[in-house]
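You will see two complexes here that share subunit A, one where it goes with subunit B and one where it goes with subunit C.
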Partner chain A sequence: MGLLTEIFNTISKVIVLPTFYYMIIMSAAPILLAALACAIALKANAINMGTEGIMTISSLVAVLVSSAVGGSAAGGPWLGLVAAIIVGAILGFLVSVFAFRLKIDIILVGIAMNLIGTGASVFLMYVLTGDRTTTTSLSSGTLPQVSIPLLKSIPVLGEILSGHYILTYVAYILVFVMSFLLFKTKLGLRIRAVGENEDAAESVGISSLQIKTIALIISGALGGLAGAFMSECYLAYFSSGLIAGRGFVGLAACNMGAGNPGIICLCCLAFGIFYAFSNFATLSNLSIYALNALPYAVVLIGVVLYSIYTRNKELKRLQGLESEEKSETGSVAHN
Partner chain B sequence: MKKLFTSVLAGMMALSMAACSNGGSSAPASAAPASPAAEGNDKISIALCVNGTLGDKSFFDSGNEGMQWIERDFGDKAETEVIEFSYDDTTWQSKLENVFMSEDYDIIIVGTYDMLGMTVELTEEYPNQKVWFYDEQWDFDANPRENVISLLFKQNEGSYVVGYMAAMASKTNHISFCGGMSNTVLLDFFAGYEQGAKAYNPDIVVDETWMDSFSDSSKGKDVASSSYSQGVDVVFACGGSAGLGVFEAALEYDDVYVIGVDGDQGAMWEAAGEKAKADKTLTSMTKNVNQGFYDTFKQELDGTLEYGKNYRLGVNGGYVGAAVTSTTKAALTDDQLKTVEDIKAKIADGSIDVATAF
Partner chain C sequence: MENYLVMENVTKIYNNGIIANDKVNFSARKGEIHAICGENGAGKTTLMKMLFGIEQPDEGRIIIKGKEMHLNSPTDAIKAGIGMVHQHFMQVPTLTVAENVTLGVEPTNGIVFDMDKAVRMTTECCEKYGFDINPKAHIQDLSVGVKQKVEIVKALVKGCEILILDEPTAVLTPQETKELFVQLKNLRDSGCTIIFISHKLNEVKELCDRVTVIKKGKTIGVWNIKDVTEADISRYMVGVDVDLNIPKEPANPKENVLVVNDLTIYNEAGKKKVDDVSFSVRRGEIVGIAGVEGNGQREMIDAITGLAKYSYGSIKLMGKEVKDMDIGELRKTGLAHIPEDRNIYGCARSMSIRDNIIADKIADPKYNNGLFINEKAIKEDTDKWVDEFLVLCDSGEQLVGMLSGGNVQKVVVAREFTSYSELVVCDQPTRGIDVGAAEFVRERMVEMRDAGKAILLISADLAEIMSLSDSLIVMHSGKINAYFPDIKKLTEEDLGFYMLGVKHMSEEEIRGALHE
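So, the complex of A and B:
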């Protein structure tokens, strides 16, 4: 009982704070980018497990390029962003080369990418900057925060929705862009066709190899964007523990949404709610360990519920087919 | 396609080679010569085992600096080596065993909570190997060792001082502690911090928050943001590189301060050209690992070091303290700074009894 009142008190204290909602939107954004990266690959049936690694490397690249150019004053963060996207795309392309041309299991390639991401980023950081844990000695700067004209003057809403980093807005806009790309364009149709049934797609003259490669390159570029978000918006530097599993949470969100951008966005926001809550609630007497596990537990429960739901749906569909067949055979017998 | 792939591969190889050669020339001089103490060499050889990597700009780097001081002043009597274990904790046990097994070192320095269990075992296996164990309590009643000394920094005393200063600087009478993971050393920080703050202002609210990480800076930023947005105006960032995220959060709020830890982080930001962060750094609770190692080595040379005992290094002797930077001087008045010095003196002579988590 005491625990329940404590939880209730904490919730009622937290939900009146505008910064709580600001943090939800902010913390969901990099996961959303990672999830969209996984989504386009998933739709082409080329699962990109390596998003975490791609994010790690590209977040370092963003910082290095930005500081090499001269930091914020010289527009460094923008160049860093471009470099991160390019590097991400190259890494996505490499995944496709290893998986489809050299015929290595794509899951293994993804795992390798994650391992390389952790190792190579620290190695590169040390070789190029002499730092071993963080690049705080480089002044790489951040991308600008955007205050939206009219919106920012609305009391509470302005505080929540205005003043985010530019990539936060880009992340949410990309949900619509991705929906459009997947469901309204020729490329999207081909990606989905290849993902649903490769042989059928091949039979009408679509090169599945080409489509999967394109999907992975786009996936890598989005991963690069997510990486740049972490080192140029969320924080102003790279550190070895920076990505902290966001690529994997994105992968989970993508699977929960079955590659569907709208649902993915909702999943990421749900994660953001629990993540932000766990940060705000550390002031309460609730167990810090339970709080920190909360967002991840929610993701896990979500994935399980979703898979039960899809299984039931599939079962119902099969039962429907069966009864249809029965009634058909019945009617035949009747005749 | 194949051609492109080959040329990409070749390009990557060339790049990685260039990177390697660059690394060779810029490797820090701190990696002391790996020559083992040869037979007949009467220099005292010391190995500092770092269960992480150098470059944390605080704790481990300070220990490394202590080794450099020993080499600088007693180069004819001692040689030191710093061995980095990396952050992969699954390898620490075997790496530490290798150091013990090599029998190349007269003194092995190892520390922190994570290394305690394996060090207890290894010191029993190698009863003639001198070991300095630092930054965690060694229970000599349960594990009596004639070959071990334990160096404990009284972080509670330093934290008392910075807590006192935080209470002086706070305008909202609401401050917080942002720890890495909840272990005894970190709780010791908090015990002193809270007591110090309440000593200045009994009505002040001191929140206890945890990041549950020593490496995830984004978590540090988010936890600190949640504190600042709820009216906290001084946060004691106490958790390795995760704590660096607290400084990022402070940049987004007006009239708030961060208290650094282990090294003088205000001076560090100043040196890195990050003026904005230096201006947010009220003070830092310094843990002078360098001084601790250096002075302990002097006692070893004099023969006054008693093995089998805990050494507690506190404000007395300057092993822990509070850094004063230009930000500190701007935030606190001269009278207040004088009071802080009085507090330090009172802790040193024992007239203030600081609470501890041990």
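So, the complex of A and C:
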């Protein structure tokens, strides 16, 4: 009972704070970017498991490039951002090369990308900075925060919605951009066609290899953006374990939204609640370790519930088909 | 009238050495419906694949409108004005009709897909040729007949002047077929050339203007449809060249092992594929099933061997109803099965010959002590069988995937013929294997029969089925069309007539297939 009361107390303390909602929006942003990266690949039936690894490498690249040109004063974070996107896109292209040209199972390529991400980033950091854990010795700086005129002066709402890092806004804008790309453009149509029936696309002269490659390059670039968010917005440095599974949480959100940006965004915000919650450990007597584990536990529960839900839906659909078939065959037999 | 399309001396030899087309000549005029008829494996599909750029000919020329064409991909073929309606529809289920129809030639407004224009293109095409399709409907909500129309419209939108239809009526109901024919005739009258591949001679006779018959990869001839009867076409298509001359005594059939009673099977689309079929297979006889592919044999065999469910009627093996048995129980009851596709259902290619042969017997206490398998007993027996079935290999350890087709089939036969079975279903047992291996398998089947097993043989090789079977069932459009208790009285010409539905037997004669 004591534990439940404590949880209840913490929740009631936290939900009245505008910063809590600010934190939800901010915490959801990198997951959202990762989920969108997974979404475009998923729609092309080229599942990009390696988003976590792509985020890790590109977040380090962002910091390194930024500090190399002289940090915030010299516009370093912006260059770091561009470099992270380019590196992400290259890594996405590599996934497509390994998976489709060298015919390695795409799931294995993704796992390899994640392992390389962890190993290569620490190695590179050590070689370049002499430090094994963080790049705090470099002054790489952060991207600017944006206060939105008018909105910022509205009480509460202004506190929640204004003053975010620029990439946070970009993440939410990209939800619309991605919807547009997938459902309104020629490229999006081809991506969905290839993803669903490759033979059909090939039979009308569409190269599925080309479409999947494009999808993975875009996916990689978005992963790069998500990486830059982590090391140039969320924190001002790179550290090993910085990404902390956000690529995988994004993958989970992407699958729960079946690749549809709108639903994905809602899933990410739901996960964001628990990420935000873990930031308010000081207000609570709950174990900080338990709070830090909370988002991941919730993702796990969410994925399980979601899969039960889809399975039931599929069962219902099949039952519907069966009864339909029965009545149909019945009538045919009657004839 | 001059020829619009000419395929001249076209030869195609596949990598495995099979000559699919041997100097085939085919030509079609503008504004005609031209049928291509031939048995399974005669080379019709290969010929059309070359015309649509999926395969490239090794020799010969393809000439369209007097110009020699090199068609290296479907894209080239589409550009040359050729459209193909595949047997399996090439459609994306969650997209709309308009999106599917314009896929590949999408109308755009900048980078944006112009849905309104796509709908307009589809509507215009539908109106022009008299198709009634809602361009905004999603493919997944449409019936098979409408899906096929979408497939035709898809080709027409891309400006196709030669339309290839590969057995288009196989999936349609009679009403849908009738409607399709009206539309195809309209298309022809508006100047389109239609190539119609079919086994159904009544449809060919009704719809087409000319017919080209292909047999064993060679052109037999071209006729105006009004100059030939269905019986003529059938005679040109079917022909048995060689008597396989398999030494065998007359059969001495005993009691029923398999009894199929009033079996009816609907496929997923709700179409009746097997229609009230009854027959039995007795101990000590080989019952052959002949029929043109797609006349229900596939569905029936899948039901008998437990690979698929059936809707009505009963199948009894050794007196037990098999409907709710899984394949394990079926095999225990006495079924052995040489499946049609040995590489998918017949064996595990990445496992050794030994493991493949022992796979169905591993539960036998002889080969395991409840916890561990008895390697020694397995090695002894499988080595013996490898020798006995003349599997050409280094040792039983060799992976099945490394063997030639004939030897893979011998491994499958070795397993199935040594299993504890009463009924052996042999589905195309010698398809695609060399002459020596085929002969070996056939002799073994006769041996099994003489040892008192019941054998059900399905084969597209008419020579094989005529020389192996003791009695023969002919299937046509889901029904048994003929039953020959004594195959010696059957001529190949007659067999062709029954297979293609030119002739029908009386119900009484057909009832003879079920022995009480």
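The rule we apply is simple: the second predicted complex is superposed on the first by the 326 of 335 C-alpha atoms of A that agree within 3 Å, B and C clash if a C-alpha of one lies under 4 Å from a C-alpha of the other, contacts with A are read in each partner's own complex, and residues count from 1 in each chain.
Criterion: a residue touches a chain if its C-beta (ideal position, glycine included) is under 8 Å from a C-beta of that chain, and two chains touch if they have at least 3 such contacts.
These numbers come from a predicted model, not from an experiment.
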Evaluate whether subunit B and subunit C can sit on subunit A together after superposition, giving fit or clash.
fit
I'd like to know which partner A:Gly188 touches here: subunit B for first, subunit C for second, both or neither.
second
Where the C-alpha centre of subunit A sits as vertex, the angle toward subunit B and subunit C in the overlay (nearest 10 degrees)
130
Check whether A:Val127 is in contact with subunit B, with subunit C, with both or with neither, and answer first, second, both or neither.
first
Going by the contact rule stated at the top, is it subunit B or subunit C that touches a larger number of residues on subunit A?
B
In Å, how small is the closest CA gap from subunit B to subunit C once the two complexes are overlaid?
20
Under the stated contact criterion, what part of subunit A meets subunit C in this complex?
184-190, 192-193, 196-197, 199-206, 325, 328-329, 332-333
Considering the complex alone, what residue numbers of subunit A touch subunit B?
17, 19-20, 23, 27, 97, 101, 124, 126-128, 130-134, 136-137, 139, 230, 234-237, 239-242, 244, 275-276, 279-280, 282-283, 288-289, 292
Complex contact set, residues of subunit B against subunit A
1, 5, 19-20, 22-23, 26, 28, 53-57, 87, 176, 182, 207, 209-210, 212-213, 215-219, 221-223, 225-227, 229-230, 241-242, 244-245, 248, 272-274
Any idea which subunit C residues touch subunit A in the complex?
73-75, 78, 84, 86, 88-95, 99-100, 103-106, 108, 111-113, 154, 158, 264, 266, 268, 270, 272, 311-312
